[in-house]
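For reference, the structures are reproduced in the following blocks.
Across the two complexes that follow, chain A remains constant while its partner is chain B and subsequently chain C.
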Partner chain A sequence: MLSRRLLIVSQSLLRRSSPLVTSSVSTSSEAQVIDTDRIQKEVFKSISEEVAENQRQRLFAVVYVNGRQWKVSDGDLINLEGNLPLNVGDEIKLEKVLMVGGANFSLFGRPLLDSNTVSVDAVVVEKKTTNPELKYVHLNHHQTKFLNWKSDEATVLRIKSVTAKAVQQ
Partner chain B sequence: MHLSTTLSLRRILNSGFHPFQVIPKPDVWMKRERLNRFTAWQYASERSTVKGAYRKEDKIFTYLSMQREDEKKLEKFHAEERVRTALAEHDMEYSKFKTVLSQSHILLDNICLSQLAIYEPRSFRSLVAFAKELARQEGMNVIPDDSEFSYDVHVDNKSVLRKPLPRAVEYTRGATENHTNKPRKLREEEY
Partner chain C sequence: MPSVPRVDRLKPIYTAAKALNFGWRFSDFLKIPAYNGISRYTNQLHRITVRFCKQSESSVGVRNFIENQIVEIGRKNPSVVIYAQPVRNSNPSIRAEYGNGRTLQINAKNMTETEVSKDFHLLFSRSGEPVVKLESRQSALCPSVQGQWTPITWLPTAMNTESLPAKQFSEHKSTATSATEYILQNQPK
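For the complex of A and B:
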């Protein structure tokens, strides 16, 4: 638990060669300059190892699809609003990945992660209409009622896999 | 020839109905079925009488409609409440947390944050630790984590924090301007 680290990926942060100022959260002691590059490399390396392991590991990702963010993992079904230009059986890759996490790490994009590093593959499972919902207007004292059953179209995706390659070092 | 009136014939002869009783209306079965679809699970007069059932159906429809209209707003509201609660657990303030996230260009919305807080508590905690450290460096008052359980956070506010990204414009329904006041008359040179 204690060794768990958080890493915020950013190009500017990665390229920065000067040591960053840091201090621990728990104490209000003076900030001290430490070798941030070394720590970054360490963290990157540990995440890469974590991701590359062939053991059973399950990642989750937050993806932005169709105007909405979804937290997805392997085998999830997500229900997108509307009749999207996709056919049943199409395989798509969700490229707007906001974060990836696993048992021992979480990577946050600012705002997006590199789409080469993380891949979220999905299949279109179903195109359907949603359950009918009601639009009901009752005008009191007018003996007037409007009853409309509203139904929308939806596209259902199944997330095939959330995988991450070795992160940039 | 209109014989019915002169012959006092009110009904077709040899019809299945009684000549001098009220003709039954078209069958109500279909309507009652439609009504019972929603009121069969109600109690007392709302189930056993027609009038009561109609009153109840009206109410049910009204509430269903309200629910449909409010659903999106409620989702956002509940997500925010959940994030606030989760942050309170980590001794962090919502406004500070959101400020730091927006300044560091992490664009997770409340719905996702609440899901993280519920289903991925360790990720959420690390994010809070990050936000706390940055908030502390920015000079905000934050309650530090217990040193025994706190994460090592190596960040520097100067390199991480930036101007927040512009927010998406939401075009609300209706006129943009208030058109109740008439526009002023054009002057001659303005024609």
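For the complex of A and C:
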């Protein structure tokens, strides 16, 4: 381990011009990209094959809705807080996709993936009220009792499909 | 109201059995009946009945609602049967029947027209499942696509053949820089 570190240091000493190595303290070694074009092509090709329509692979995606991130896949139900400006039966496309994955690959956006490449379609299946939560206030010897019923509105989405197009270089 | 009771309702006997545990089922998972929305969305509300009194003051809002809005709503939702049922000296109520056999009823006593309209639309957008506390805000058909993570998922396979404890796997790993590493990386000029 130590000898490997020494080797890296000597490399960095040779390349004095790079500011990353000389200025900051870093325990990790520098990432080295080897044979980029060939490997990129291979990766893109294999992901495109995984994603293709005839494969019928189940994909999952991480989408940002309602102030948080959801890991969704085909047929999932998600319960969004609040009475959103949508009607029951409306079909929407969730556009803030942070990540898409299949059984054998994961694609991460920086921070978002292109919304044309990945599409997460959803339907509004229910709009309802949430189960009321009770807030009791009882002050001893003051003859004071309050009972608050707190209930909010909710919108339930069904994820229809998570699909991705072939990755382009 | 017709003198013969309506016979067009789908009310199988097991509906009663489902209503039995209505009171003590406090929490449930998020679900929607009839796989709704998986291929297409269908409205789960089948029929809705508005009961009101023609004279009493408590059903003024309901009467106004029927007069002004109910026809338009009926036109927009051709799949839903809407009944307006005058009942003498009764408290007004809105009763909705859903595809899963459940019935929801809202007491509309002394409600204004706006409040009645709001509740009417709420009943239209419900799926018929009872409102309960949710165990989770999401429910999935397939829990994991890539397989669930376990503590041994990403362990190096070199560990399999080694007899433990071995020195190379017992090293303390830390992100902090040791003094030796610091000197090696920032050599004095």
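Basically, the second predicted complex is superposed on the first by the 132 of 169 C-alpha atoms of A that agree within 3 Å, B and C clash if a C-alpha of one lies under 4 Å from a C-alpha of the other, contacts with A are read in each partner's own complex, and residues count from 1 in each chain.
In the analysis below, a contact is a pair of C-beta atoms (placed from the backbone, for glycine too) under 8 Å apart; a residue touches a chain by one contact, two chains touch by 3 or more.
Here the structure is a predicted model, which is why all the values come from computation and not from measurement.
Using the contact criterion defined above for the overlaid structures, shared-chain residue A:99 touches chain B, although it does not reach chain C. Of the two partner chains placed around the shared chain by superposition, chain B is the only one that A:69 touches, whereas chain C remains out of contact.
In the superposed model, A:60 makes contact with both chain B and chain C. After overlaying the two complexes on the shared chain, residue contacts for A:111 are found with chain B alone; chain C is out of touch. After overlaying the two complexes on the shared chain, residue contacts for A:135 are found with chain B alone; chain C is out of touch.
Using the contact criterion defined above for the overlaid structures, shared-chain residue A:88 touches chain C, although it does not reach chain B. Contact with chain B, but none with chain C, is seen for A:36 once the two complexes are overlaid on the shared chain. Comparing the two complexes, residues 5-6, 13, 25-27, 60, 70, 101, 106 of chain A contact chain B in one case and chain C in the other. Chain B meets chain A in the complex at residues 58, 61-62, 64-65, 68, 104-109, 111-112, 115-116, 119-120, 122-123, 126-127, 129-130, 132-133, 136-137, 144-147, 149-156, 158-160, 165. Contacts from chain A toward chain C in the complex involve residues 5-6, 9, 13, 25-27, 58-60, 70, 72-79, 87-89, 91, 101-103, 106, 123-131, 156, 158, 160. Within the complex formed with chain A, the chain C residues making contact are 30-32, 36-38, 41, 43, 122, 124-127, 129, 131-134, 137-142, 145-146, 175, 177, 181-182, 184-187. Considering their complex, residues 1-2, 4-6, 8, 10, 12-13, 16, 20-28, 31, 34, 36, 39-40, 60, 62, 69-71, 98-99, 101, 106, 108-111, 133-138, 145, 147, 150 of chain A touch chain B.
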